[in-house]
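In what follows, a single structure is set out as structure tokens and then discussed.
By written order: A, B, C and D. Residues from 1 in each chain.
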Amino acid sequence: MARVKRIGLLTGGGDAPGLNAVIRAVVKTAIKEYGLGVVGFLNGFGGLIKNQARELTEKDVVGILPRGGTILGTTNRDNPFHYPVVKEGKKVFVDVSDRIFENISIQEVDALIVIGGDGSLAIARELYEKGLPVVGVPKTIDNDLAATDQTFGFDTALTTAMEALDKLHTTAESHHRVMVLEVMGRYAGWIALTAGIAGGADVILIPEIPYQIDKVVEKITERGKQDKKFSIIVVAEGAKPEGGEMVVQKTVEDSYDPIRLGGIGHVVAQQVEEMTGKETRVTILGHLQRGGSPTAFDRILATRYGTMAVNLIMEGRFGEMVCLSGTKITSVPLGEGAGKMRQVPLDSDLIRSARQLGISLGD
Amino acid sequence: MARVKRIGLLTGGGDAPGLNAVIRAVVKTAIKEYGLGVVGFLNGFGGLIKNQARELTEKDVVGILPRGGTILGTTNRDNPFHYPVVKEGKKVFVDVSDRIFENISIQEVDALIVIGGDGSLAIARELYEKGLPVVGVPKTIDNDLAATDQTFGFDTALTTAMEALDKLHTTAESHHRVMVLEVMGRYAGWIALTAGIAGGADVILIPEIPYQIDKVVEKITERGKQDKKFSIIVVAEGAKPEGGEMVVQKTVEDSYDPIRLGGIGHVVAQQVEEMTGKETRVTILGHLQRGGSPTAFDRILATRYGTMAVNLIMEGRFGEMVCLSGTKITSVPLGEGAGKMRQVPLDSDLIRSARQLGISLGD
Amino acid sequence: MARVKRIGLLTGGGDAPGLNAVIRAVVKTAIKEYGLGVVGFLNGFGGLIKNQARELTEKDVVGILPRGGTILGTTNRDNPFHYPVVKEGKKVFVDVSDRIFENISIQEVDALIVIGGDGSLAIARELYEKGLPVVGVPKTIDNDLAATDQTFGFDTALTTAMEALDKLHTTAESHHRVMVLEVMGRYAGWIALTAGIAGGADVILIPEIPYQIDKVVEKITERGKQDKKFSIIVVAEGAKPEGGEMVVQKTVEDSYDPIRLGGIGHVVAQQVEEMTGKETRVTILGHLQRGGSPTAFDRILATRYGTMAVNLIMEGRFGEMVCLSGTKITSVPLGEGAGKMRQVPLDSDLIRSARQLGISLGD
Amino acid sequence: MARVKRIGLLTGGGDAPGLNAVIRAVVKTAIKEYGLGVVGFLNGFGGLIKNQARELTEKDVVGILPRGGTILGTTNRDNPFHYPVVKEGKKVFVDVSDRIFENISIQEVDALIVIGGDGSLAIARELYEKGLPVVGVPKTIDNDLAATDQTFGFDTALTTAMEALDKLHTTAESHHRVMVLEVMGRYAGWIALTAGIAGGADVILIPEIPYQIDKVVEKITERGKQDKKFSIIVVAEGAKPEGGEMVVQKTVEDSYDPIRLGGIGHVVAQQVEEMTGKETRVTILGHLQRGGSPTAFDRILATRYGTMAVNLIMEGRFGEMVCLSGTKITSVPLGEGAGKMRQVPLDSDLIRSARQLGISLGD
């Protein structure tokens, strides 16, 4: 391969605090360290397919480090291998990945950095296998990627949830109530478990451990007997009762997230209220958890990822993605662990610590 | 009246950040400045009726200034003039206010400070008229009391809502979405309006101005034409469509707050999604707005209220309540403006400013 | 005067959180409400003198509401009536105000908004008297302007100082120490007094009340006897001992602020340490107090000021400046109260409240 | 050894956010999981020597999770093997460790948990070698312990420093200044380096890399040429010029921390101001960095440490200390790595990332 002179990057999937920090690190490292040009494709793979792009200079990344969101826009639609087009009045899905190769060529880009979650990285892998020089940067706010010890965005989401618990604590205490906080985590309970520990929850319900409402009620009743008149319950959106299903919610077609008209948080709250007779209140954090200025941890992790991704390119290590292993940034093959959800291990010290503190996990 | 040697205080109604700051200021002023004893009655008027009380010393108020909630507990049940008792298997309401006079005497309390909202202050007024030496401290997180320029707790609630908008902004921007934030304010739109201005909302719906969903959609569409692909809508829980009703929600008997199973925020979101085709997300802050460490403004206002309340007692000015007028703490008769909701004046510069900034108020 | 079609604005003096919120409100109101053009002059009066300006559109103000600083830059040099030029190798000061009239004409600006402190507003007044259509927006982080009940930026600075006190509290408690926090306030003690009340300080030293170190030590010793082993002292940078001078610090010529090589905070700390034998630590917040995202209060006040300033222009009310009076935005003649420092009134309820809480003011 | 029925714990050394979280986790795990009694010794080893202790119940740890400091008090004096006593009018140092064994026996404590830094853990090791059943929990805000991947308190201190940088950024930008932030880190630059990366610093000076002031000035000048008129410099308190010494500061005898009368931050600021002619401002965070509510990361790490410490005791693994290794809590021999400072490795990806972003490290 010829020398890399110009790189492209895009952000795909749901947004996560730290995306801008990755973009900034990529742009600064590329320009200052290696003298490269940088092109940002807009709105995930959509911009790569439609050739919507902008040159990124140092000026473009001034001041974005502390800001949530992504200056490039993002989406989780627009899979180039399964792209919706209307043919004879019908929506059909076709492979438009060739356009990506064309646009890469038009933009004179020699290598591409894809920052995204499981879905985006799987697409990146497919493009790499078709011959595109790609490196990946893993991203998911849920911290459920198998390939890395931690993802950026997670620490910020966890912090938002913990701060909510800190606030609920005072009002629960004053009023002798049960407070239910529903947090993100459809398939893995990382946010619920860690925020619950950090925020002093009494009950934490996560997808990994189907719950029995009787056990939840038992914990609240036991607290009442010890003259603790309030309780705090954290519920991951993917928590489900033993033998039950995830709560079905109205979803908008093509949208990855339901409009929440009473998710599992409401279900748990109602049951608890009925069974204990205690006033119960629900807070749904929703997209708040994706927003806000990234924490120090997330800014630093995202920045290290960004510089490392450019280094991978300059070393010709395409088909790899950066990851955190212990305290070090390293890399693994793109798509490693794809499809494997990193759930909270039931034998982890986190789970053990929660139980030993007297937190009920609903089982 | 004999010299005051010992005072009582209680916190009634929903909790609000700053209650502990009032308690601390009362205790410190009473003890340090006047050498009084202080008794705290627990859980609002309930403690006064049931003679549940504790001595409050300087030690008890160490470290509570920055903490939300109230160390005395609070509730909005337990009206002594309309108190539920079970007679012959039936719940009936009776006047138990005499017990309050007994308990005041048992506790050797010479005067009482009631910190509470409209309801609690009306009870305080009735007790005063029956002969109890009472002074009041107004409290409502909704800022809708007629007797004072501002109430403590409001600035903290507004800040919580504004910070939520700051977070939603980044994620809305990145994803081209409509975000709906439902905030408190059943009868007055202070939180929604001020948080909306402070957080850069595009649409703000408040109880004072019945909205037309067409106008809301028009604003979003107009933004789309200007290439602004996201919009932020703030909805007060008491907002209602023109000609419509406040959204009926499941309520638990005797509870002042509904369990929210899709309040007006969800209604607006669904309509907007259907009419614009844009993905729309809802966040319900709920009781988060009552929690958290009070802001500087609220701590200072609460502290000034607390010292002033003790001063009123020592000057024998019973039947009065403290209030803020401009930059000064002063007092008005207890119950002044009771029952009069202080709504946002439609001709205020706040409303005008919102409109001139291009914010749609749905009309 | 002909119809206003285009307005200019500049930010002068030290920066204060909320400047961007004023700029945003001016731009939005001017464009959306009145269809005006807007020109921003850069770096205070310097840009007006040197004709450094940029067109401001709605796009330029997107996202600046929550951001500290000013997108226009600011400085407190460059007084057009006393402007330094080098003549025959010597620096002399001349009147270059005519250039401002020329540049206003070149930029086709019909009226000017000056956002600034006492100094900038005095210049604005002089320009108005020379015939320039000017309106003013008062700004000072110290809250010491006579013409308005409160200035924006102050609430944010106060919050920064209070949060510092919250942090110092825990570490002082754990270690049995005296902690000294030096805050801004060269001539008025608003930040020190309000932050001290909000942050639970034991001693507050402000310029309005010359302190006696013996009284400070007495308070700390008294606390020790009550088994309170730590104390928190807040010192305004302009605090001075009775009969003493403000601490002379190294200053850089033409700079409004000294490099702090041990200001009054250090002086107090050393004396306390020597006289009590207790370990004493100093924190100097410095410019932190000018930075950060503005609080809700400051964003709203700044926004109301901005829309009101444009309204004043459209109503032809030149020579006026906006101000806060109670809960209302109104206006006063430009330069009203100029040169009059709004110090903390010694008979205010704030001072009384502080004393009644047992806080020592060093006298 | 007989079955453990009762454990003691103490916190030694400088305080760090998260100490209360460890205490809470120890108490809850001991009581709920194992039915043990818990005794807290006050003020570090001093309480163990003087038999100052209190029973710790679940009630004592309610609400302390989010609070900085330590409810047990701490100090870094009072080494039992080198304890100051006055003999014949002279201060001499003697071994009083036998008293500890007596007091342990008087308190009927079967095992001891020592939470502390390098110094406290060395003492713990010595006590263990003399026969005391001890386990350790490592603590240092500077993150410079060799035995663990990260210490609690560090993430909070780093966050405080980063937030300060976020604030300084806006005011530096608006005013075209150089801002110097001095942070903790006498022997290791972890806080300076990570906060500098997270806060977008232009220059970071750490103890590991002696700086050349010319290189610092060069970076600022280079930025000026690129039309970046402000610069942010982060200086660890232990940074020193090439060939130079750490800045000597006035110290109070027996105190581990100097009163700062112009430390290295001031030295750098003065040199930069003189050499560049640019206004330069200094902020000294000082003890702010030890205070405040712990971050989510620190609360979780501290909690895991606390439960693990009790588990070590119940498994009879005395002479060990808990530590973080990758994502797991594990243990190493007490005192492992004692005396070995964990400095920032010069070949770490953190250092490389900083350089590649264009940050000057002064060399």
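Definition applied: contacts are C-beta pairs under 8 Å (C-beta built on N, C-alpha and C of every residue); 3 or more make two chains touch, one makes a residue touch a chain.
Given the structure is predicted, the values throughout are model-derived calculations rather than measurements.
Participant: Can you give me the shortest step count from subunit B to subunit D, moving only between touching chains?
Facilitator: Step count on the best path from subunit B to subunit D: 2.
Participant: Of all chains present, which has the mean Cα position farthest from that of subunit D?
Facilitator: B
Participant: Report the inter-centroid distance (CA atoms only) between subunit A and subunit C in whole Å.
Facilitator: Averaging C-alpha atoms per chain gives centres 41 Å apart.
Participant: Please tell me the distance, in whole Å, between the geometric centres of subunit A and subunit D computed from their C-alpha atoms.
Facilitator: Chain centroid spacing, subunit A to subunit D, equals 31 Å.
Participant: Please compute the C-alpha centroid of subunit C, do the same for subunit D, then give the distance between them in whole Å.
Facilitator: Inter-chain centre distance comes to 35 Å.
Participant: Going through subunit A residue by residue, note those that touch at least 2 other chains and give them in order.
Facilitator: In subunit A, residues 166, 169 touch at least two other chains, as defined above.
Participant: Taking the complex as given, what residues does subunit C use to touch subunit D?
Facilitator: For subunit C paired with subunit D, touching residues are 11, 14-15, 17, 19, 43, 67-70, 73-75, 160, 163-164, 166-176, 179, 252, 255, 257, 259-262, 266, 269-270, 273, 279-288, 290-292.
Participant: For a test of understanding, state which residues of subunit B touch subunit C in their complex under the given definition.
Facilitator: Residue list for subunit B touching subunit C: 25, 28-29, 32-33, 63, 65-66, 149-150, 155, 158-159, 162, 166, 169, 194-195, 197-200, 293, 295-297, 299-300, 303-304, 307-308, 310-311, 325-329, 349-350, 352-353, 355-358.
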